[in-house]
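Before anything else, here's the structure in question.
Per-chain numbering from 1; labels A, B, C and D assigned in written order.
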Amino acid sequence: MKNTRMLTLTSGALLASVAAICLSSCGGATYSDQVLVSDDPTSLTKIVFFECLGHANEGNLGKIVSAFNEKYAGKYEVELSKVAGTYDALHDAVNTKLTAGEVPALCMGYPDSFSVYMGKEIDDSNIYRLDNFIDDPTFGFTAEEKKDFVPEYLAEGQNYQFEGTWSLPMYKSTEIMYYNECYFAGSNQQNLAKFAANTEFAALNKAVTDKGANPTDESLKALKDWVKSHSGYAYELPTTWEDMIALAKQMVADMKTENLENIEFYPVGYDSDANLLISQFAQRGIPFTVNDEASKADPTKHFVFDNDEAKAFVNTLVQNVKDKLLITKGVLGGSKYTNTYFTNLKSAMSIGSTGGSSYNVSSNFKVGLAPVPYAAGKKAQYIMQGPSICFFNNSNDYVHKGSWLFYKMLAETTNNTKLSLENSYDPIKNSCYETTEYKNFVAKHDSELKYDIPFHTQDLRDNYMTSPVFVGSSTARVEIGNVLQYICNSNFSTDEAFAKAMNSCRAAA
Amino acid sequence: MESKNNWKAWLYLAPVIVLMAVFTLYPIVNTVVVSFLKDYNQINGSSKGFTFYNYQQILSPGGLFYEDVWLTALPNTLILTLITVPTSIILALFIAIGLNSIPFLKKIFQTVFFMPYVTNAIAIGMVFSVIFDTQTGIFNAIFGTYGFPWIFPVPGGATVAYGSALFSICFYIVWHSLPYKILIFLGGLQNVDQQYYDAAKIDAASRAKTIMKITVPLLSPQILYVMITSFIGAFKEYNSVIGLFGTNGGAFDKNTGPSSMKTMVFFIYDQIAKGKVQYASAAAVILFVIIMLFTAIQFKVSKKRVHY
Amino acid sequence: MENNYPNLQLVIKNDRLSAEKKNKLSLLGRILSLVLTYAFLAFMALLMIFPFYWMIITSLKEGMEINQMNPTFWPQIIRWENYSEAFSRLNFGTLLRNTLVVGIFSTIGTLFTTIFAAFAFARLEFKGRDFMFSILLATMMIPGEMMVTTNYVSVSLLGMIGKDNLMGAYAAMILPFMVSVFYIYLLRQNFKQIPNELYLAAKVDGKTDWQFLWKVMVPLAMPTLITIFILKLMGAWNSYVWPNLIATGNQDFWLITNGLRGTFSAAENINDYGVQMAATVIVTVPLLLLFIFFRKYIMRGVSRAGIKG
Amino acid sequence: MEIKIKNLTKVFPGNPKKNIPDTTAVSHLDLDIPDGQLLGLLGPSGCGKSTTLYMIAGLKQPTEGEIWFGDEDVTNLTPEKRGIGLVFQNYALYPHMTIYDNVKFPLTNLRVKTTKKAVKILDNQKIDELITNNADEIIEIVKSSVYKEKISKDAAARKLVFRFHIVTSLAVKIFRLGLHLVPADELSAKIAGIKAELAADNQKITEKFAKHGYSLNEACECLTAEGTTIIETRRLSTSEIDGLVQETARLVQIDQYLTRKPSELSGGQQQRVAIARALVKKPRVLLLDEPLSNLDARLRLQTREEIRRIQRETGITTIFVTHDQEEAMSISDQIVVMKNGVEMQRDHPQDVYNNPQNLFVAKFLGTPPINTFSGEIKNGALYIGEEKILSSKSFTEDKPVFVGIRPEGFLADEHTKDEDKVFSITVKAIVTMGRDMSLVCEHDKFIGEDIKIIVDSDIDAKIGVMRFAIRPNKIFVFDAKTEERIRFEAK
């Protein structure tokens, strides 16, 4: 872990001489709006694709690659370059390669990284603007195909410091709330089991179950009241952030009444401070970062989160943390995940990436899924995550074409569906959600957590959001994510914390 | 003869010189140069010319990194150095002397004490963060300080006092740096002539006195050597911080000291990661100067104390 | 005055006590100090060994158990599968091959450069010798990681980087680590201790420096050289950053440590810790054995080198 | 202090695993060294003499036997409790300490048992004495001790100590008086002033003691009301330590090197320092382990005398281990010749030479070594080969013998009657060495390389067979089996 970190940092500096090397090695192709060549290469062209999939999830990508290599045998051959570790590690690896003038063809990753490859001068960009490829009459996407893409996913690729589409989605995920069903009404398995013998309960329960899938309120309410009065838990599942906090208060209070207050318990755990703040800011219309004319002139103007609304909201969060209603990865010291608390029965709700479902499974209880509570009275917005793919500025035109063809195959409906589901992510095209693979997969929900994920995420898709991307956007994410721990752990005043964050951002701009 | 020797000598040195020139000196020069470039652009290596701006930002109050360096990195580095180096040296001395004086189990102890040296640092760091974990750490279990935060804060509750974090990391650093020192000292001890001890015996010197007045002074060359190398090492401390507090260097109560355990090298890496190589280089040069100064001072001070 | 001191009567501390009392006391003292020494050593040894104990039991634990919040001091279910899985997942053959190639060659290379340099610095007279040496020492004070960056560019320019360029990769992993200032320093000290008479004698016998170096110096410095060999080999076995940089995107170049980190990266499931630790144990054991077997040499080498300021 | 050694035996256990047998270093050794004597333990290396020494020192435990210092059995005492001084073969001076510290080191571990004294008054008296008698000299010295254009306190103090054999602290006091600052004409006045102050000071001190109910006698010892002195056991005061160090340093004549490090001294000087360190604590016994072996020939002679002198002056019972007969001969009162841990002969140096008790001793002593022939006793006469060397009525039984003849035991000058020339030897070579000349000869009964004969250079020696008379007191006969001396009166 420390070593990857070391690598991260060092190889960052490799970029120092990237340009020099590139110029010498890539024949000075700097113009980033390329067009696809019509013909195919006579000799085999290698297409190096940098990826960092865990060993468990490589299966389908491998299949796609071999299928591709078969189809274009003798012309193109995709070669997977696996980089062990996180997306950070991947980012560094790519930097390293660029420095050495060894330009890959494709690479998966996050826009934040891509914007770094892009740089501040459009003519020095190491990656391509893809519009010409997308619109290419022969090889590009047809109008339907374009429409078929989930618009938010395509939109993400246009959210960079420069105009145009610079990256295409690979597969996507978002955040979701995992909750411990024991605490919540409706599916209160373990409590039910406990009361099963009780006739009074059996009657009420029957009343509910007879009503079928969605019982009417009064019968359910009766059941709940009964359960509550018998010191079981039967809380309402919160839909808004405010509800969630209120519920948390309730839970803590109940613990007290049952003299359990000395048990370590934090109702809500949020695994990413950055996502928490960025999404809540967005929902509440609190400015965070921008890509506009002003910021073009002065990069420090990208960062606009140093404002009173932001501080006010952060203050409420700090209060929640102090009241032990909420813990985040940040306030845990930054290197411990809240889902450990969740799986150890020390939290009732845990908000994290849909990709990380496996961390939230526990043998102790059944896990339920629900959308991340949103700001009351505002439009729900969910952070969009998951890797995209960018194309590198390569001297060989055939490489570009090969890369493009490969992406098309990867984005092809069934391929993409399989690929995404294997990683419990969402596929990138609407048509994917109609495929039998997808339907079968979703049909298996309730049998295992990873099958539930897509079942729950499919209706969140319309409310996805992303934050602007530019050189320094990653720092912005990190710093806003630090604010909570600055205040809660280091006793900074809110102003100090924000100042500190802003300062770092400015330095990184 | 003289002159003949002359070119021969360079011949002998040739491999070292060549390799060093390519893989050590050139990078150093490069670092120094970059540290003086304004707005050094990592993408195309361009810059807005020669400047002291980078140094200003780090050194001058009100500079971008004044807080990071003067209020965090430098204090941390110095404190860590000043605590871990003496502690580890003294401990190592005692252990070495102990090992040298015991009649049996020598080999086993030697092996045990050398183990950390041959162990993959990757695993050890992780193991230690588990050991010191606030909620689940064995350290808390043993010392019965449940809920007292050593390296991670108690959620919503007590914050990590700088002191306790410092203790944890010093513990780790000392633990990790002991074996090598013990090795050197044992080596030195085995060179000490038994007659000195006989003489001391006859002169009715007590055990303690013999150690203080004879053993330790006779070890002074080793001690000086270890001191200098471990000072340098401590100034470059970084991995231990990552290993224990994670990639953000921890977050402690700022009223009890710096709010994180970020060291100078940590800062350097941080800047490189953000692509600000010029700042990183400047910091590296500054660190180099500091280390130089310290080493020089030690040599001066030790002139009297050390006998060769 | 001067005749004042001769007739002072000097006595040892507790001279009032009878002989056997004195002996009892001193015996008691000796026993006590011995007991204390052992206690102290044992305590320190415990601290030393604990992380290893932890590593080993973790390597036998089950994912769920590791994930528990209150750690168990002994695995509830001992899970040997961790080891078999670690073996199956690590591409052990390749990793071992690479590590050995890189380790052995870089070590041998280091030995040669070290011997030559140490000889030049210890025996030969030439202008700017001390200057050169102090420069060498000074380089030890620079955060080495600043160099890694530039060095990567260098090796790539030297054409050592490439997807299938295994030899290049080896070269790139070996060359930058073929010089070790510390070992030069160590060996120089050792050489310096070899009496100059030998050198002069050799000169009289008409031996060249070269012959003297190989016929006299090297054999005499053998323990130190063996030490250097072993320590360097250990270093190679544990080195991570640079090889990882070189092996980026090509697992065939991985060394043991890269394999370790790569195969069980933090990105993957926490439940891997067991397997991860198992792998770590697998990697650690050989070094431990190496040390236990060669402890004698390492000790002797270092003591012979007799570091003097 | 008299040393008695009874039946001392040391066996180093072997290792049956590696089948190394037990080795007996010393077996059943009895020694009796009168007080103030210097005993030389002489023997070839590995004869157990050093082991004996180390056992006396307490660094090695005897397997059996007893060691007595006077009437105290020290056999089981640890070294430090035996009150001995040991000088190691290579001195074992602490390289990191100055000579002063080296010599001082033993004292810092000791206590002094003495009468309670008003030391300050003694000091004052000394100062008084000095400034009255040696004022000019003092000023002389102080002024002369200039360091970097400045009069240096330390240098001055050192010189004063060196000159007047006083304690450093006292020297500093004297320097502080600043006599060198006052112009010549006011000097006497100044001195008078100082004397007055001193007197006053003494007065004060006396009163202070009086307050505690002590009176002072002329030796400035405290007397209680009953008029008895008070004995106290305490650490040595710095000035006492200084005094002892200075004194010992003077004794071995290293007092001008006190501030140096051992590495800055010659072998001989280091040697003296080692002795000083052994002596400074006034040991009951002084043990020297091959103290001269690391010195060159000249120094060896010199130091040898030194050691003798020092031993005489201090009168400390001393044991001196060496393998060099000359050394042993020249300084010991008594010599014990040892072989494989067994005492061969104990005697006064000259007797050991003139009157060896067995072949080994005869062979071991004397350079060039004694010439040994295999002969036999036949009907009351001693034969070497066919030649009848001498006859004696003590030769009763016939048996094979070894005959030892000292090189100087051969006579061939004109005063020797031909009939006395009983022994014919073939001269191979003649080497003149000034007054003497040495003949290298051979004889078929001779045991060993070749015979060496020392004769006056004025006799006419020639290559070839020569006949010699034998000096009766230079010829020794030993039993061939026991190698024991067979005594006889020549008739």
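Criterion: contacts are C-beta pairs under 8 Å (C-beta built on N, C-alpha and C of every residue); 3 or more make two chains touch, one makes a residue touch a chain.
Just so it is clear, the structure is predicted and the values come from calculations on it, not from any experiment.
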*Go through B-C and B-D and name the pair with more C-beta contacts between its chains.*
B-C
*Farthest chain relative to subunit B (centres taken as mean CA coordinates)*: D
*Between subunit A and subunit D, what is the separation of their C-alpha centroids in Å?*
91
_So the centre of each chain is just the mean of its C-alpha atoms; given that, what is the distance between subunit B and subunit C in Å?_
16
*Could you state the distance in Å from the CA-based centre of subunit B to that of subunit D?*
54
*Geometric centre distance via CA averages, subunit B-subunit A, whole Å*: 39
*Quick one: which residues in subunit A touch 2 or more of the other chains?*
1, 3, 6, 9-10, 13, 16-17
*Name the residues of subunit C that each touch 2 or more other chains.*
12-13, 68-69, 145, 149-150, 240, 257, 261
*Please set out, as single numbers or ranges, the residues of subunit D touching at least two other chains.*
78, 80-81, 109-110, 281
*Which chain pairs here would you call touching?*
A-B, A-C, B-C, B-D, C-D
*What does subunit C use to touch subunit A in their complex?*
64, 67-69, 89, 145, 148-150, 152-153, 156-157, 161-163, 240-241, 244-245, 248-251, 257-258, 261-263, 265-270
*Sites on subunit C touched by subunit B in the complex*: 12-13, 29, 33-34, 37-38, 40-41, 44-45, 47-52, 54-55, 58, 68-71, 73, 112-113, 116-117, 119-120, 124-127, 129, 132, 136, 138-147, 149-151, 154, 175-176, 178-179, 182, 184, 209, 234, 238, 240, 257, 260-261, 277, 280, 283-284, 287-288, 290-292, 295, 298-299, 302-309
*Contact set on subunit A toward subunit B in their complex*: 1-3, 5-6, 8-10, 12-13, 15-20, 116, 119-121, 124, 126, 264, 266, 321-327, 330-336, 471-472, 475, 482, 485-486, 488-492, 500, 503, 506-508
_Footprint of subunit B on subunit D - complex, ascending_ = 57-59, 78-81, 84-86, 88, 90, 92, 94-97, 105-106, 108-110, 261, 277, 281
*Residue ranges of subunit B touching subunit D (in the complex, touch as defined)*: 193, 195-196, 198-206, 209, 213-214, 217-218, 220, 307
